[in-house]
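Read through the structure below, which is laid out as structure tokens, and then see the notes.
In order of appearance the chains are A, B, C and D, and numbering begins at 1 in each one.
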Amino acid sequence: MELSCSPEEEEFRGRLREWLARVLPSLPAKPSPDDWPARRAYDMGWQRMLYDAGYAEVHWDASPTLRLIFLEETEKAGAPYVGAGFVGLLHAGPTIAAEGSDEQRARWLPPILRGEEVWCQGFSEPDAGSDLAALRTRARRDGDEYVVTGSKIWTSHAEVADWCELLVRTDPAAAKHRGITWLAMPMDAPGITVRPLRTLAGSAEFAEVFLDEVRVPVGNRVGEENDGWRVTMVTLSFERGTAFVGEVVACRRVLRELAAEARKNGRWDEPELRRRLGRLNAEFRALWRLTQWNVSEAETTGGVPGVGGSVFKLRYSHARQELYDAAADVLGPDALDLDRPWVLDRLSSLSYTIAAGTSQIQQNIVAERILGLPKGR
Amino acid sequence: MELSCSPEEEEFRGRLREWLARVLPSLPAKPSPDDWPARRAYDMGWQRMLYDAGYAEVHWDASPTLRLIFLEETEKAGAPYVGAGFVGLLHAGPTIAAEGSDEQRARWLPPILRGEEVWCQGFSEPDAGSDLAALRTRARRDGDEYVVTGSKIWTSHAEVADWCELLVRTDPAAAKHRGITWLAMPMDAPGITVRPLRTLAGSAEFAEVFLDEVRVPVGNRVGEENDGWRVTMVTLSFERGTAFVGEVVACRRVLRELAAEARKNGRWDEPELRRRLGRLNAEFRALWRLTQWNVSEAETTGGVPGVGGSVFKLRYSHARQELYDAAADVLGPDALDLDRPWVLDRLSSLSYTIAAGTSQIQQNIVAERILGLPKGR
Amino acid sequence: MTVPVRFQLTDDQRALRDGVRGLLARRFDRETLRAAVDAPGRLDRALWRELGAAGFFALRVPEAEGGVGLGLSEAVLAFEEAGRVLLPGPLVATHLAAGVVPGAADGSVVVAAVDGGLVEWLDAADVVRGEAGGVVPLRSVDPLTPLHRVAGGAEGGGGRVAVLLTAAEQLGTATRVRELAVQHARTREQFGQPIGAFQAVKHLCAQLLVRAEVARAAVYAAAVTGAPVDIAAARLLADEAAVRGARDCLQVHGGMGFTWESEVHLHLKRAWVRAQRGGGRTESEELLAADLTA
Amino acid sequence: MTVPVRFQLTDDQRALRDGVRGLLARRFDRETLRAAVDAPGRLDRALWRELGAAGFFALRVPEAEGGVGLGLSEAVLAFEEAGRVLLPGPLVATHLAAGVVPGAADGSVVVAAVDGGLVEWLDAADVVRGEAGGVVPLRSVDPLTPLHRVAGGAEGGGGRVAVLLTAAEQLGTATRVRELAVQHARTREQFGQPIGAFQAVKHLCAQLLVRAEVARAAVYAAAVTGAPVDIAAARLLADEAAVRGARDCLQVHGGMGFTWESEVHLHLKRAWVRAQRGGGRTESEELLAADLTA
């Protein structure tokens, strides 16, 4: 077992760090969170810089360790997040790379890497919830087109996206996981209505997307008709090991900031609070080690996800909520002030045990798929 | 809402307190926990004293509040527990009183109240566990007798019991809850083997009882044949509200002793431990109030148990384990010494979330019967 | 032997609770709640006077002084109902001012107070009690409770009764989020059945009930005795039942609870606000610890 | 770019772990465990020498001094296996004495040590390290670990490595109780199906895995870096994984885990004993807190 990196990797880290130090000060000011076009421009601008410097493909082609180093260093340097590029770079792109035709790859991948086109995700539906495969959005074939009707929810960046990776039901008679197809839907097609969805944090981070007889060319289908579930699962397990690297790095920074704030406002003198922060330090150190373990495992197994991914997600989503609860105790009455740091993060942390599979569903998955316990009747 | 007692009740309390102060010093020394005949003699002797003083029937005939006062005062005075009298006074006796014939009541109840006969309980079976109704011990009718074969587990006082309240399956073809019958089995009948069962606490508090063609007269059946499940449920809900009164009083005393010990060994100076004991104080005060609430409710509804019983059991079993974990932290390294107070209690507290329906089963019951949630498929 | 009145609601107390519940159902229904959320900081003075007329503020003022002449138990029941529907405004402060600050009792005057380093509803109040020099407005996490931070260290404040009435409001939230969770679990279908058929959801709901009912016993008992140690216990249990309860309710609701339109997050945020009153948990825990050595 | 050895077991480490596991399976199987429980305080000297011959104690002693010349990582793997089967004896103390106390390395001498105010296996030991004046025997809660209490306040003791190796043993218990729980959940039937089909049992088992795997990452990383702060983290997580794990395993087993014959309670009791080593949680938590301000 080792935790050190190879000389080549250290060289990569050094080069990246140097580049970040050089370019970050020249970035424009961060746009307001409510200005979607400005956010798109900012995020795509950053992606273009990464592309020009040769870092654009790190999510796709690099070894898991290099990806880990990239995510660690960009977070530590305070670089922009992937933002509007998220779905393109981490979901739709990898799916197309793995399952698309040569033509489809040539059409869609380069604009993603160059920061020219934004993708959004049309998977979740109001009535499906955790039961993703229960989706009802219908697509019927009409000549060379699919005609799509239904609605999607929890779609980020929908207002400014060029494309939507869409799951639709093409065979309503088939068993639930069977009749699903994966489509790339152009967001300027007639019949699409985007309605911002306000969350409990007060922001419109997501949208609902309503589809009324939207026509999508058959050539925009990736994979076979009715094979969309398998195609999607490729996407969903793609970056299992490194999905939260940046966040864990950020949580560890937050912990240090909390300690500093507690020393400033005197709460550091309360042993109970101090020891609680100490326990959280143990927790996030362990989660970081687990990330390294998972990444190393992915490297030796050629990317096949081990037990680590689901285990990580379960523990991390809980730990993140504990972290922001501790932040509230450090802040005292100021924890009620949305203008204070961590307060909005506390609100959004509430989604972590719900989004992308509730903790209840995750525990079922761990128990059934990893531990081999029987399904309930 | 009131928490004070009526003058009559205060008079009862005063009289009882006075009597306890007079008689307790004259009690013989407590027998060794492994000496079953001596324990029987001690417990029955105490029951006889209660009988002679007019307190024997407090579990049966008195108002819930008087029972509460009785249990509170005896615990506070350090009086003996019900011990070997438990099943007779609190399970079999009430069942016979409610469901038995005049003859049966006359035969069995007086010796229970006078401390002359000991009962044990033959409900649980190794393969049934939490699924009590899955019991397999068979009884076939042979003339005026049932012939019983099977085995029972978790039977207390089996070595010294005169009678066993036994659940047997009389109709193997009927649905699981239907074919069960309640019998009073004389423990000196041929074919009964009692084998002590050592628990993780190291003691033989329980026994296994093996039954090989044991003959029980049909006249020993309480209720109709195949109606034993209903008969039993009467017993099990009988003293729902006051089942743990003595224990809650005892837990509150333990908390004060823990605080005293912590002051002695210096751990009281650790704010985290001190505040933890403070929180446990809140917890057990609330459980005491909930007990009073449940008892008052039983008084106004004529004994029909409300939501309080299951709610109490769920919370209390957890709180008791927390209490003894805190005790271990107060003791430090001495928590590993079985000769120290609380260490054996810590071990036995582990059974509280398992025995008499695991917390998992209890939560199902609360969710389905009280909250009206649907059964799973 | 007569059966005396016990540790159960009396008929009068039931009637009072039902009366408050009815008034609030009429005057502060779900639509009014949503309207209030969309107009933060606006206090409904007409409703305030109506509460005053119904005796909400003058509940414990002696009849001789023009009040209703009832006790802490009745006040706790009224505040539980207020908490249940998320009634906005400085209810505790105005209630405590009745009989002291002219106009508070009948709801013609709105009274705010410094408590836990904060003042709720400062701008809407006619009178502010406590040392409120150097206040700074916050962007409040609870859209229904405008907040000002009081500069300087004093985070205490809020007497014994304020703590108890706050616990009663938390109890109202604990009860309401249990109802919301159970309702959702019964009707929302996933994987071909109501989610309430799944053990994991069942057990969340069961614990919602357990926490609320244990807190109820503690809060009602504290109202009867009025003892500081009982109030401290009530406060710890009610805070837990409200905050944990709202979070578990959110978990039961899944994504649907995460929208602004859901009622669940309003309960969580209000529970957070209330938990800051009365000088923090530490003080209550230390009081309860000290009680063990008394 | 070459793929270097990573944060995964090397082939040699796998071989070492399998070797220790094989030795223990042969020499300390379930029957031997039950026999040891029934003869408390008796240390199997033949097994001890066999462990010595296999290099268990001399694992980290340099080859030049006649040892195996391996590192902390390998020691952690060996101690994890020992913890997994509840191997009795002062393993950590003797391992730490190898190369220092003559005879410790080859298992001919049994070495005990004062740690956390206690000495394990005092009467069976040939040498006792640390200040052990005024020892008093306890009636040990763990039938497989005889204990003496050291009079006086000194509850510290046990160096950095002792804490890490103890965490490795706790990891072994955490792994084993997860296996036991899953095995029971798969085979035990209630209400007409294996209890592992019920969500409540499933989720207990899932959390058993989560806690063990998070602890594993922390323990292995601490073995690689040897840093005090990593060891403190490993210790907290491994203690939790072992103690909570054993309790949840007991809950899954229901009444069947409550009998003396079950293996589950032996793991819980040993986990309690190990959690007392290394001077208590507080010190580790404070170290981790201080690290945040460094």
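The working rule: contacts are C-beta pairs under 8 Å (C-beta built on N, C-alpha and C of every residue); 3 or more make two chains touch, one makes a residue touch a chain.
Everything quoted here is computed from the prediction, not taken from an experiment.
Under the contact definition stated at the top, the chains bordering both subunit B and subunit D are A, C. Counted by C-beta pairs in contact, the busier of A-C and A-D is A-D. With centres taken as mean Cα positions, subunit D sits 49 Å from subunit C.
Centre-to-centre, using mean CA coordinates, subunit A is 38 Å away from subunit C. The geometric centre of subunit A is 53 Å away from that of subunit B, both derived from CA atoms.
Chain centres here are Cα means. That of subunit A falls 38 Å from that of subunit D. Of all residues in subunit C, those that touch two or more other chains are 198-201, 203, 282. In subunit A, the residues touching two or more other chains are 270, 275, 360, 363, 376-377. Contacts between chains leave no pair untouched here, as each chain touches all the others. Partner subunit A is touched in their complex by these residues of subunit C: 116-118, 138-143, 147, 149, 155, 188, 190-191, 198, 200-201, 247, 250-251, 254-262, 264-265, 268, 272-273, 276, 280, 282.
Every residue of subunit C that touches subunit B in the complex is listed here, in rising order: 1-10, 13, 73, 182, 185-186, 193-194, 196-199, 201-203, 205-207, 209-210, 213-218, 220-221, 223-225, 229-230, 232-234, 236-237, 282, 284-293. For subunit C in complex with subunit D, the residues that touch the partner chain are 198-200, 203. Subunit B meets subunit C in the complex at residues 1-3, 5-6, 8-9, 63, 65, 255-256, 258-260, 263, 268, 274-275, 277-279, 281-283, 285-287, 289-290, 292-293, 295-297, 299-300, 307-308, 311, 314-315, 360, 362-364, 366-368, 370-377. Taken in their complex, subunit B has these residues touching subunit D: 124, 126, 129-131, 134, 153-154, 197-200, 202, 270, 328, 332-339, 343, 347, 350-351, 353-355, 358-360, 363.
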